[in-house]
Every structure is written in structure tokens, then in C-alpha cells.
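Labels run A, B, C and D following the written order; every chain starts at residue 1.
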Amino acid sequence: MQMADAAHPISHAAVPHGDAHGHGHHPNLEHHFDSLTQQFDAGKLGMWLFLATEVLLFGGLFCAYAIFRRNHPEVFMYAHQYLDTTWGAINTVVLLVSSFTMAWAVTASQRGQRNLTSLLLALTFLGGVGFMVIKAIEYQHKFHDGLMWGTHYDPSKHGHGHGEGHGAAAHGAAAAAGHAAAGDGRGGAAESHAAGAAASAGAAGDHGASAAHPEATTSVHAPETPGQGASAAAADADVPPERAPLEPSQVALAPSGPAGLHVGGHDLHGPRPDNVHWFFGVYFTMTGLHGLHVLAGMAVIGWLFVRSVRGDFSADYFTPVDLGGLYWHLVDLIWIFLFPLLYLIH
Amino acid sequence: MTGILADSLGLMPPKASTFAPAVDFWFDFTLWVSIFFFVLIIGLMLLFMVKYRRRPGVRAVVTPTHSTALELSWTVIPTILVVIMFWGGFKTYMDQRVMPLDAYEIGVNAKQWAWEFTYPNGIRHPELHVPKDVPVVLTMYSDDVLHSFFIPAFRVKMDVMRGRYTKLWFQATLASPPGQYYPVLCTEYCGTSHSTMTTKCVVHETRAEFEQWLRDADPLKKLTPEQYDEYLRDPSAFIAAHPDIQGLQSPADMGRKLWDSKGCKQCHSIDGKVGTGPSWSGIWGQTHEFSNAPPTAVDENYVKESIVNPRAKALKGYAANAMPTYQGRITDREIDSIIAFIKTLKSGSEAK
Amino acid sequence: MSSLNPAAAGPLVGAPATDNYLTHSRGFWSWAATLDHKRIGVMYLVGIFTMFLVGGLFAVLLRSVLLTPDAAAGGVKTIVDANMYNRFFTLHGAVMVFIVIIPGIPAALGNFVLPLMLGAKDVAFPRLNLCSFYLWLIGTGMALSSLYWGGVDTGWTFYTPYSTKVGSSGAFGGVVPVVAGAFVLGFSSIFTGLNFIVTIHKLRPPGMTWFRMPLFLWGTYATAVIQVLATPVLGITLLLLLAERLLGIGFFDSELGGDPVLFQHFFWFYSHPAVYIMILPAMGVMSELISVFSHKHIFGYKFIAFSSVAIAILGFLVWGHHMFTSGQSELLGVIFSAITFSIAIPSAVKMFNWLTTLYKGSIDFKAPMCYALSFMWIFGIGGLTGLFLGMMGLDQHLHDTYFVVAHFHYVMAGTIFVFFGAIHYWWPKMTGRMYDEGSAVLASILMFIGFNLTFFVQFMMGTRGMPRRYYEYRPEFQMGHVISSIGSYVMLAAVLLLIYTMIRSLRSGRPAPANPWGAGSMEWQCASPPPHDNFKTPPPVVDAYDYESLEWDERVGGYVHRGRRGGPAAAH
Amino acid sequence: MSHGSHSSGHAGGHGVGHIVPVGLQFGILMLLLVLTYITVAARWIDLGPLNIWIAMLIATIKAAFVVLYFMHLRYDRPFNSIIFIGSLLFVALFVCLALADTVTNKPRMWTGLAPAVAETQKHSDP
């Protein structure tokens, strides 16, 4: 490929620097380039190389994602349900549309349509604003619900009724299960386990579960059967469900694999597996870094807008718009992958 | 592996394990290949430097600027040599990594900045003692950061980390003379006193001598008579009161107590009776089938995982989420004790 | 300015041009805000050399500390405790790797030479180039600021969980500024590489085909490819490390279910190719030096060119050989070991090609050539000892011992030899002054002796089981350490002599001709120092390794093209 | 000094670069929106482990359209495509090898050392 480049460099007469005034010397032509084409090609090549570095930068995060998901699919199956697919889909549309307006802006600037270019750049910028606002709303929900990374992950905040509903359910479950463990968390695993306790734990758990997950985002429903309730509530309360004699259906609901969650359809909440924080770690790093790129892209587009209004661009010189556009599309590209990977796990 | 190639030019430490001859052989092989090429290249270079040094009026001779035959030959010959080297490295490596089944097992705990070895009789000791000619497996974990276990004389090294057990095995072939020892070193940088995280490895001539040392190392022997009485009255209270005296109780004994006190016995019998969970009797080394994971042998990692994260693997034939997590309710030491206890439970041996 | 430039009349005449890139404009801002690749290169050179001295000073301190086995035995250990020692070796490593060697040849010399060699007026993106330099400055400042925050003692590899939990003092500690600094330095490196790739692709003048490019450009090109493809992964690794330390994200923390070995994968995915970022440009310079000072056409041009690219690509596939004892899976270890050995081949090819170039040449022992021949020796040992470490069974014994320390110094500090050789080689072009050959050659010989004294004995210590990063050691190793430390003092003396030589050259060196060495590549066809915009007209492209048409001209004190005697007028 | 360009517009005094008609771009946008809808909808169909691959396939198709038309890569110099595809290959290389290690190593790891340490404390105490 590179050889092809080299095959015919002589075919382009070098325009000697000195005698070419008036011909190739566009005001936007830098002194070390011979022609606008060369300058444009160099810019494009540079931008693509930069995009390659961006791809590799995100590549590290995709690697982390792949490793955590491959090793612990249950965490992803469970935790992604806390993401709001509707907001995610809206954001996808917002970005796609802004990508389109950006592409249009490039075309417009290539045709020298200055006002149209400015307008489209402004629209693209607004797309960025919209995306970030929605992202901010989503983040705020996550923060509020303790759906965060690492040590900050706090399942006790998941529902509305932190203090009341959740706590009550937990205690109910614990009491029903016959735990003498209330005062002594460490010994909780031991002691007596009345065989019938699980049933009442289930009842209490059902209650607990609905209290624990009423956030009513699109498709998340509280589990219907008492058995699931037991495990969900117990899990949320972090009271071990002990050796509750389980119905077969509940065994099938084992939290550990994809198979478990398929029972009952897509909108099952399922019991909470361990280390849910991984998912949110991945979620926040990926969307966070992507968000930073959106902000950077918005800064670039804002700058392009100013220049466009000022009349810097013409049919001869639109390289910055084109390159800025490439960057913005890359940001869109990454989101195209992030959306299904984070929101649409099945 | 004999003759001129065997002495490694005196570069290697004493050969004290079964690995050493093979490692040293390949070291020597590579060394002599390297010396050959180095002498060839540098010799020619020096020759050219003298012969073709700049002299007034003498211009460089124009020689061909490339020769495919020549260039291919110095591409192909090194290729063959490195394939041989790879094979040698691969073979010795596999020997180092494939553990014998009947090996004597010693636990290794690394922490900033000390080693501690746990012997099968429950003694915890800062020194590593092993019998000669007996394969020994070290099962290692770290309390904090990365460490790396290294005995130069044995040619073995393995990182020790938190988060998973790593293993290492060797068979000593050379007893350490009385009063001398092989140094055990930490080679993964672990903080301020990294360089002092060393200890002794003593290789006993006979198994009997080693067993004798093991008995003598029993901390109970170091107790005063009053302390000994006190210990007998209530071992756990005594141990709690004397944290400085380590290894007072065998991990297996400790494990049995935990089985009794932590609630394990509610579901796991030790007499083979099937409960809510599998019986521990004879379970060690069995292969378990799961509904959500590939079959796994019952080993340290599996047991540890089953305790702290029981839902990771759903054992076929048992309820998947019957077992609570003991995360935060049990220490690593206690888990080790339980593992030690399980290991003692041969099939059908107990009936309680 | 062009019409007033007398140099335009005779860029090939040996007399220094009155208007050149150094005198073109004056004042602080003419340098600080310059877009001229030559000035940026010179600023880099000054900065990097200064940092080399800082890093070297740490090294000399380390060696002094190691003179005695422990504090009880006296010596420097009574002043420097283990904590300080750990901070020294960490900063020595971080400074030398991230701040000195990685940008050394490409950013400093590459910047100055690459466009000239290519026949271009500048690099493709001069502003980005300046930006790279400032990123380098900022990153360096951040890394050094860690001293203020209590220092950093994690080792330059920043292995988790030490770096995320306990390492250094406080939550912030010295780790955060160093890691953030390395992140910024990474971007400096990326932008340099990006700039060079575009320059080589798009700014080659007519006639400069790919296979007419001097091999230094091939080396730089291969390096730039690695810089662009590998460095972003370092970026994300360091970001995750910061997230781990400051926010507790838990990817590498086993307490949170993360995997500390994962960090090593992330880290070495960059840091192994980084070794080739360091060595490939050096190999490129080697090809120039060996050929020019033998006055003989380089042997096997295409093999050398392709071996650079082969090394660049293969370099991405071998990172796991840093992890043979880390608990990496055996399967992966085997794969990585196999690929590692494949890298030995292109490296061997280069060595043999250089050797054949010397054959029947007219070898001129100028200082650059002395450094180049030293590199043959040093890289020979460095490369061959790599074979030991690539063998998994042997690596179990040698990993993290002084054997490794010696090995990578023979490779990476070998790069420094070439760096010095290259500084001497292009010095007349950069400054317009010749240096004193006598003291420069003496410095290079001293450096060679000091280097081998320092590091050869470390191989022996390593095989006998001396672990790296040890503050205290067993007394049996003291002799080796003392020899090693003496070697480091010899090197220090050599560096001081080198600095003296260069300063004297600046003050009173004789003016340099356009082509003092008889080199064929394009940068020697413009005046020394080059004019502000390099070439009025791109000179005709000739075979850079054809020395037949070059002849010594007494009047200019340099080489001129046969048939062009009496100045360039004849040529144009 | 510039190279032979197959980008149209170069010759026509039109400046440089290929102009992609707005109509085509709008069509691409519509296609992308449809594909987005399909990805979201595909979630409701249970295909087991195939789901993620279908989602990735659709995402890749979307990405391809963005790259080819919005980013003009179809009309651009082939070398730029090589760079872009090359970067994806290196990501794949990185992911595959690093993943291969953790997958083959998984049985040897302790998982779940800390299902939110804080949480355990919090709930067991009161």
C-alpha cells in the first residue's frame, strides 16, 4: 500500500517554492506543503492515525469488558437491568442524528454553503448537549441508587424506601428464617434453620423485593413468585438464604448463568449475584471516557462553529470541518458499540 | 548433560533440585551458542576494524550490496537454533509446572515482609524445611501485595498473590550441610523491606530427620509447664491470649472446630451422608459437575470460592443458592484450616 | 527572508551561512513558540539530555548505596535508607524509560533530522510537534513533582496492588503525579509518531521513493507505528490505575474481585513494544553510522528495512514473556515464548548486515563510529542474553534477578550509546561547529569500559540468584556490586567528558562544513547549520549510501559531490 | 508533490475531498435508525448466546455505514482504511490474548472476594 504511494511521486511536478506565487498559494496553505491537496491528505492521514489511537485507547476498556463478561456473565445479566434502555436508545438516536448533521455540515462546507454549515454545526453541538444532559440524568439515578463501581456500590440504596421498605423486608426475612443472628452478623450463617422458614421468608421476600426494586424503569419488574422473592430479598438484605428447600423452578433460577435468567422471560430481575460492582465499574469507565470524548468533540465543534461564522471556510478550505467531523463520527461509532454491550445484554 | 557443558562456567548456584540439571543444561547450551555467535560477530568486527581501517588514499571497495543466499542463510540458521532453544525452554518449563500427585504439601503465606510455612501437622514456621528426595508442593498465597517465591538452588520461582493460589513444586536432591541453608528470596518488589524478605530453606538428609525437626518445631514444646496446662484447659482461649505463639493448633483441628461452629455441619456431613450440601467425606480431589461451569476438581481454589462465593458454581444435584456467602465472616486463615480439615476426611472415615 | 539569505547562494559551500535556523530570529519567544522542527529538536535534545543527567545521577546514587551489603557494613547505606533507595530506583527507571530513552532518538534527533533527511521543509504538523514538546515538558514536570508529594516507590512498572494500595505515602502519594505524568508523556510520544508517519507518507519530495529513504527513516517509521498503536493502551492502563487508586474501581484489586495479573497484561501490551520504540530508531541510526564511517554502501538495505517493520509488528505479540512467573496460564506462556524467539531473527539479520557492511570498507574511527561499534558489542550481548530469558524453563530461574537488569541495560542503555553516537554525528549539522575528536573518542571508550564494568558482572550476580530491587544483599555479592559501582563512576566520568567536549565545541569549535563525514543522505546537502526553511529547492534525490561520488575537498574541509566541486552553482 | 488522487473534486477546481450527497447521507441515517430499532427489538427474542453476536453484528453493520459514508472512507485513500482496520486488528489481538489468559486461568482464581465489603459490614452490624 505504502509502496503504491511511492510508485509515482514524480508524476507530480514539484512546484518550486519561490516561483509559484499566485498559483498554488492559497492563504490557508501552510508553507511546508506544496498544494492544498497534499495538505488535505496529510491532515486526513493524521486524523485517521489519531482515530486509530482512540480506537486502541477504548480497546483497553473493551478488553476489560470482555474479560469480566466472559468470566462472569451472571453479573452482566443481572446488573444491566438497572440501566435504562429507553434513555440509552434515545441517546443512540441523538448521536446518530448529530452524526448526520455533522456529515451534512461537511458536505455543506465542501460546497461553500457557509450559513448552512454554521447552522448544521450548531445543531450538531446541540446533539452533543442533549446527549450529555441525558447522560447526566442517568448518572444521577445511578449515584442516587448506589449503582456505582467498586467499593462505592451500595445495593441498600437501590429502592426508594431505603430506610423503611427495604430494611423492614430484610428484617422480616431474617426473622422468618429463624435467625438468631440479628445481633451478631458474623454468626449469621450458623444456627438453626427451621425447614418451614423458607416459605415465610419467601413471603416476606416477595414484599421485600417489590420494595427493593420499585424504580420502575422501563422493563424491570419485581419478581412474581415467592421463591424468587426470597432469594432476591435475601440477597439484597445480604442475609444468607441458608438452605431453604427450594422448588425446582427456583433451582433453575440459579443466578450463575445465562440459563438461569431466561426463565420467565427477559424482564426477570433474578437474584443478585456477587460482585455486581464490576458491571458498574465497566459501565462508568466506558461511558465516562466516552462522555469526555463527547465533551471534547463539542469543544471542537464549538470552535468550528465560531470559525464558520467568521467565514474561515470555503469550498477550497474545509479541512478543519472535515477532520472535526471524523472525530465526531468516531465518538458516535464507539457509542454504537457501547449501547448494545451495556444496555442490551440478553 | 555432562562434560564441559555441565559446569555452567561456575555461574549457577549449587544444583540442589531435580530441575537444576535440566535448567543448567539448557543454560549451558544457550551460553555456548551465544558465545559462539558473539565471538564470531565481534571477532569479525575486530578483524575488519583492523584490516579495513581508514588509510590515506585507500577507498572502500565496492562489494555487492546484497546477497540473497547470504542473507537467507543468516536468517535460517538462527531460526533453527531458536527453535531448539524454545523446545528446551518449553520442556523444562513443563517439567516445572506439572506437579506430582503424591507430593508432600506445604502451605506458604507471604506478607510484607515475611514468609510463613504451614506444615501438614499444623506447625507454622518462618523457615522452610523439606526432606531430601521427596517431591514437595508449595501452595502459596499472599496477604497483601505481590511477592515472588524464589530458591536459586532449586531453580524455581513463582509469584505469590492475593486473589488466587499459585503452586510450585520441587524435589530437593542435595541436603544442606548442618548449619547451612539455601536462601529463600522474594523477587517481586513488595515495598520498603523487600530485600529483607528472605528466609532459610533447610533440606534434611532423610525423611526421619525432617519428621524429627517437625516434631521439635511444635510450639507446644516451647511452652512452660504452666502455659501448657493453661493451653490444655482451653486451647482457643489460650491461643487468643497468646497471639505471639503461632501454630499452636493444627489447621485440621482448627478446621474441625470451624465446621462445628460456623454452621458448616448443618449442610455438610463428614460421614458421607448427603445433606443440603455435599458431604465432605472423601470429597477432596473429586471432580464436581456444575450446571453452569466446566467440571472442576475439588481443590483449594474451588473450596475457597465455594465459601466466599458459593453461587459461582452450581453443583449438580444440589440447590444452587442454598449456601450463603461467608465473605467477611471468615478469615483466610480459617478457610485454610477448613481446607486442611477437608483434606483429612478420607472416604467414610468419620462417623459423627 | 529568502532573498536576503546568502546561504541560498551556496548551501553546499562549507562556510557557515550567516543566516541559519539558529540565527534566523532571536529572543525567548522565537524559541518557545517556534514551529521549526529543528529548533524543537534542539529543545528536546537539551531537555532530554538534562533529564538523562538527572536519571543518571539517581543511578550513580543507587550504585553508591549498593557498595555495602547492609547498613551495618557502613557506606552510603548509613545515609540512604531502604525507603529512599526504593524511591531512587523507581525514579531512575521512570525517568530513563518514559522521559529519556523513549523520546530520545525519535523526538530529539528524529525531529531535527527526519525532514532534512527526507528533503521536506518541515514535519507535517509543526504545531502538533511543538505541542508534543510541551506535553513532554509537562509530563516531565509532573513526574518530578512526585518528589514533592513524598516520592514514588513502586518501581517503574507500577504493579498493582502495590501501586494502588500501599505504595508511597497517602492516597495521593507520589504515584498519582508520576502515573499522570507518564500518561501525558504517552501523548507526547503518540503525537510525535503520528507526525512522523504523516511526514514520511505525504512530504517525500519527488524522487524520494520508499526504498530510497535512508534506513534511519525506516527505523523511525517503524517506531512511529508502534508509538501510535501501543501508546494509547498505556494511556488507558494508567487511567485505570488512577481510577483504581483514587476511586476504587476494582479492576485490578483482588479484594474487589479484580485481577492483579490483568494489570500486567495491560501494562506490558505497551511496555514491551516500548522496548522497540527505544531500540528501533537506534538501529536506524546504526545503519547510517556503520555505512557512513565505513564509506561503504549499506549491505542488505531491504532486509534491514523490512526487519525494522517485522520487529515492530512482532513486538506486539510477545508481551507475556514478562509474565512467565506471574501466574499467567501455561498455555499463554508457551505462545508468548514461541513468538519471542521469532524476534531474535530480524535482530540477528541486522547485526550480520552491519557486519558485512564493514567488510572491505574504509573504517574511520570517528567518535560516532566508536559508539556504533560499541553498540555492536553491547547489543550483541543484550540480544543474546535475551535468548536465555525467552526460554521459559530458564526464565523461572533468571526472572527478576540481576540477569534481567543487566540484559535490559545492555539493550536499553545500548540505545543510549547510539544516542550519543548520533549526537556526535549530527552535532556539526545542528550547531555548525566541529567537536574535538580526541576527547570525544576518549569519552566513548571510557563509556564503553564503564558500561561493561557496570553491567557485565551483573549477569554473573543474576545467575547466582541476586534479585533485583534489593537494598540489602548477601555479603557474597559485595565484590560484584563494588565492581559494578566502579563501572558506574567510570561512566559518570565519561559523560562529564562528553559534556565538556560539547561545551568546548560550542565555544571554540571550528566551523563545520556542510558534509564533514562524507555522508550521502540529504541532510548533508544543506548548509551546517541548515537554513531556516531547510531547502530552497529540494535537492536531487540520490542513493543515500552511494559514497563513490563524494570526495574530500580541502578548501571546504568537508566532502563534496564529485563534479560539483567549487560549489553548488555547478549543480544547479 | 501531491499524489495522484482518485478523490473526485480534486480535478474540478472544487478543492479537495469527495462530496457525499446529502440525500445519500439522509438515507444512511434512516438505515441507522432502523438498525437501532432492530437491535433494541432483537433483545426481546431469546437466542441464547447468539444474542450478543447478533447485537455485535448489527452494531458492526451500523459502524460500517458510518465509517464508509459519514466518514467518507469509501471514497478516501485506501491507506486510511488500512490504518483503521489495522487498529481494530490490534484491539482484537489485545483482547484475545488477555482474555485467553484469564479464561484459562479462571479455575485458579478466587472469585468474589468482596461483594461490596462495605455492604456486608453495613448489614450485619445493625
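In this section, a residue touches a chain if its C-beta (ideal position, glycine included) is under 8 Å from a C-beta of that chain, and two chains touch if they have at least 3 such contacts.
Please read these numbers as outputs of a predicted model, since none were measured by experiment.
Visitor: Grab the C-alpha centre of each chain and report whichever is closest to the global C-alpha centre.
Guide: Of all chains shown, the one whose C-alpha centroid lies nearest the global centroid is C.
Visitor: Going by the touch criterion at the top, tell me which pair is linked by more C-beta contacts: A-B or A-D.
Guide: More contacting C-beta pairs are found at A-D.
Visitor: When the C-alpha atoms of chain B and chain C are each averaged to a single point, how far apart are the two points in Å?
Guide: That pair's centroid distance is 38 Å.
Visitor: Taking the mean of the CA coordinates per chain, how far is chain A from chain D in Å?
Guide: Spacing between the chain centres: roughly 13 Å.
Visitor: Could you state the distance in Å from the CA-based centre of chain C to that of chain D?
Guide: The mean C-alpha positions of chain C and chain D differ by 36 Å.
Visitor: Out of chain A, which residues touch more than one other chain, so two or more?
Guide: Each of 2, 5, 9, 12, 14, 38, 41, 45, 49, 52-53, 55-56, 58-60, 63, 67, 151, 185-186, 188, 274-275, 277 in chain A touches at least two other chains.
Visitor: At least two partner chains per residue is the criterion; list those residues in chain B.
Guide: Answer for chain B, listing residues that touch two or more other chains: 163-164, 166, 309, 312, 325, 327, 329.
Visitor: Pull out every residue in chain D that's touching 2 or more other chains.
Guide: 1, 3, 79, 86-87, 90, 94, 98, 102, 105, 108-115, 117, 120-121, 124, in rising order.
Visitor: Mind listing the chain D positions that touch chain C in their complex?
Guide: Interface residues on chain D, with respect to chain C: 1, 3, 79, 86-87, 90, 93-94, 97-98, 100-102, 104-105, 108-115, 117.
Visitor: Name, in rising order, each residue of chain A that touches chain C in their complex.
Guide: Those residues of chain A that touch chain C are 2-3, 5-7, 9-10, 12-14, 16-18, 30-33, 38, 41-42, 45-46, 49-50, 52-61, 63-64, 67, 149-152, 274-275, 277-278, 281, 284-285, 289.
Visitor: So in the complex, which bits of chain B are touching chain C?
Guide: Listed in rising order, the residues of chain B that touch chain C are 8, 11-13, 19, 22-23, 26-27, 30-31, 33-34, 37-38, 41-42, 44-45, 48-49, 52-55, 58-63, 65-67, 70-71, 74-75, 78-79, 82-83, 85-86, 88-97, 112, 144-146, 148, 150, 152-153, 155-159, 161-164, 166, 183, 185-196.
Visitor: Touching residues of chain D toward chain A in the complex: what are they?
Guide: 1-5, 9-10, 14-17, 19-22, 25-26, 28-29, 32-33, 36, 39-40, 42-44, 46-49, 51-52, 55-56, 58-59, 62-63, 66-67, 69-72, 76-80, 82-84, 86-88, 90-91, 94-95, 98-99, 102-103, 106, 111-112, 114-125
Visitor: Looking at the complex, which residues from chain B come into contact with chain A?
Guide: 261-263, 266-267, 276-277, 291-293, 309, 311-314, 319-327, 329
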